[in-house]
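Note that the chains take the letters A, B and C in the order they are written out, and that residue 1 is the start of every chain.
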Amino acid sequence: MIGALRKELLLQWRTRTQFMAVFIFGATALLLFSFGVGPNAEILRQFSAGFLWLGLLLSSTLTLAESFHSEMENRALEGLLLLPADPRALYYGKALANWIQLTLLGWALVPVMVVLYDAGTNRLPSLLLIIALGAAGLSAPGTLYGAMTAQIRAKQTLLPLLLFPLIVPALLSSVKATSLVILGDPMHALGSWLMLLGAFDAIYWALCGLLYGRVVED
Amino acid sequence: MDYGNNRFPRTPYILIAIGVALFLTGSYFGLFVAPPERYMGEVQRIMYVHVPTAWNALLAITFALVCAIIFLFKGEFKWDARLEASIEVGCLLAFLLCCQGAIWAKPTWGVWWDWDPRLTTTAVLLFAFLGILTLRKFVDDPVKRGVWSSVATIIAYVDVPIVYFSVRWWNSLHQLQSSPETVSSQFYIPLRVNAFAILFLMTGFIMLRARLASLRLAQEVAPPPMLAEEVGETA
Amino acid sequence: MSEFAIDAQRLARRYGRRWALADVTFRVPPGSVVMVAGRNGSGKSTLLRVLATAIRPDNGNASIFGFDLVKQREDVRRAVALLSHYSYLYESLTAKENLQVTADHLGVSRDSIPALLDQVELGPRADDAVATFSAGMRKRLSFARVLMQKPRVVLLDEPYGQLDPPGFALVDEVVSALKARGTTVLMATHQLERGAQQSDLAIFLEEGRLQWSGKAAEAPLGATR
């Protein structure tokens, strides 16, 4: 799995312009969301957590699909499976790499959110942790469905179609936790939302790793 | 197929006929015999179809999960056919459920959609399984189609309780959930009759749809035309 | 334990409604070199991909040194290496990095990489990205990838395709070396004369069916197109 992760990170490093492009896409999305509300600072601050996560969710469909581009253009994934490489190791390598990339993307979008929506917080470590946990929730099923949809026509449409309904709990708890950190948490509910998010992550990191082999093999 | 030996499949039609008869009976009791509910009034009568639909939708999706697991282990295509059938019927029931929920919510809460955890979960489930049905249309290879939709079904099914709890926490505005156990016998006769009515209808539909799917699959996975038929040609 | 390197029984594979491979039965004793011939679309690649477990057989089965193609996929994969018409390379990685990825996943040392690159005459281009490579150079690199696996059975899909004349000689050399080592080689090619010279046995496919099989020296080279 170390080998698989090393390969993924090397591939991502080689295509780092892609990361910049997705970041700009996410930042543009955050800018556009504010036009959906209007120049009302208070309402924008109220919605900031939701906008951050929707921006990250939309960006994630780009990075997840892209992470299978290099596997499919020369069927490199098939080449690895025939060595034979353990599909589970391949899955966790890629899912971890996608997780790291999405987490970095989410962290990079935080300053954009703070500036555009006046959504500052003095609990920055908590916010970064929430983003990492939420990104884990997106990347685990996202990597599995990315592998599926990379193999068929209409990949761009099908990935969000399959992924979006599934990650509702992760999205919900990430948004809720983020807004508690930004807007204040008088009821101390942050812990239970993080628990829910952690449970979602644990279930899907285990389940998707188990099922990945069936998806990539003929 | 074990239910397709005779050319004309009688069982599903019998089940559907029983279902229709029960549904007419149950709805008669629900609409005319049972008294109006104390707080909700006449609107409450929608529960006589709503609750049975919900039970059966869950049942259809659970059956889909069973089919998915068996298909992944055994690879027999009849389970893929049943999976497709039960997801389709499950989606139909979930869609009806969402419509009934909206009809119930408008007079009760004043809005079409009140973000009730059960209803919201149903909507998420509906979209998740519609996604799986769409996926099936894009995969030409029958084995891949079966395996992928089984994988997606398992993943989506596991999601259902998590969605439910997250929405419940998220929207803790109205927690009172009237359960059918608390109402008197006059209420639960139509409820139970209709539950069985929809169960029969659903089973009949799934059987018919699975038969159709397996006829299509039989064409797709037929063994190759063997050399024997061309011996004369090559000799 | 089967005494055959490859024992294929009624292998068949379909794409959609078309049978790309239908009812192919043959046996290959260990250490022999087999030429697989046939026109475009006759099922050569499909046969090799099925034997390499890249794709499943839809009917029939085969065993590689007694390992079942479907039930003992891992063992088959350890024994077999496929030079596919897909290069299996990452475009954005260099030649060396591509072989490093292969070595890491195989669990073998990276030390053999420079020697392998020299063997396929890519030493000077080791640190260039594959995206800058010509088709022939990619083929050479894929060859290095196959050799790294130290397989007991090598499946070569069009090994001469896209190569220059020195490349032809290189393939001949490698095949002879593999043969000397006792490796079983299955080689799908359109270079019938060259292939037959290298081979002990030959198989001719037509429309997914086995049309002729026997000693390479007796193969009806003129009869096929």
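In this text, a contact is a pair of C-beta atoms (placed from the backbone, for glycine too) under 8 Å apart; a residue touches a chain by one contact, two chains touch by 3 or more.
This structure is a prediction, so every number in the text was calculated from the model and none was measured.
Seen from the Cα centre of subunit B, the chain whose own Cα centre is farthest off is C.
Closest chain to the protein centre (all Cα atoms averaged), using per-chain Cα means: A. Computed from the mean C-alpha positions, the centre of subunit B lies at a distance of 48 Å from the centre of subunit C.
Remark: subunit A and subunit B have CA centroids separated by 31 Å (rounded to whole angstrom). Separation between the centroids of subunit A and subunit C, computed from CA atoms only, is 39 Å. In subunit A, the residues that touch at least two other chains are 218. Multi-chain contact residues of subunit C (touching two or more other chains) are listed as 56.
Annotation for subunit B: residues touching 2 or more other chains are 143. Chain contact summary for the complex, subunit C toward subunit B: residues 12, 14-16, 19, 22-23, 56, 58-59, 209. Subunit A contributes residues 141, 144-145, 148, 151-154, 158, 161-162, 164-166, 168-169, 172-173, 176, 192-193, 196, 199-200, 203-204, 207-208, 211, 214-215, 218 to its touches with subunit B in the complex.
Across the complex, subunit A meets subunit C through its residues 2-4, 6-7, 10-11, 14-15, 70, 73-76, 78-85, 218. Within the complex formed with subunit C, the subunit B residues making contact are 140-141, 143, 221, 223-227.
If you check the complex, the residues on subunit B that touch subunit A are 72, 124-125, 127-128, 131-132, 134-135, 138-139, 143-144, 147-148, 150-152, 154-156, 158-159, 162-163, 165-167, 169-170.
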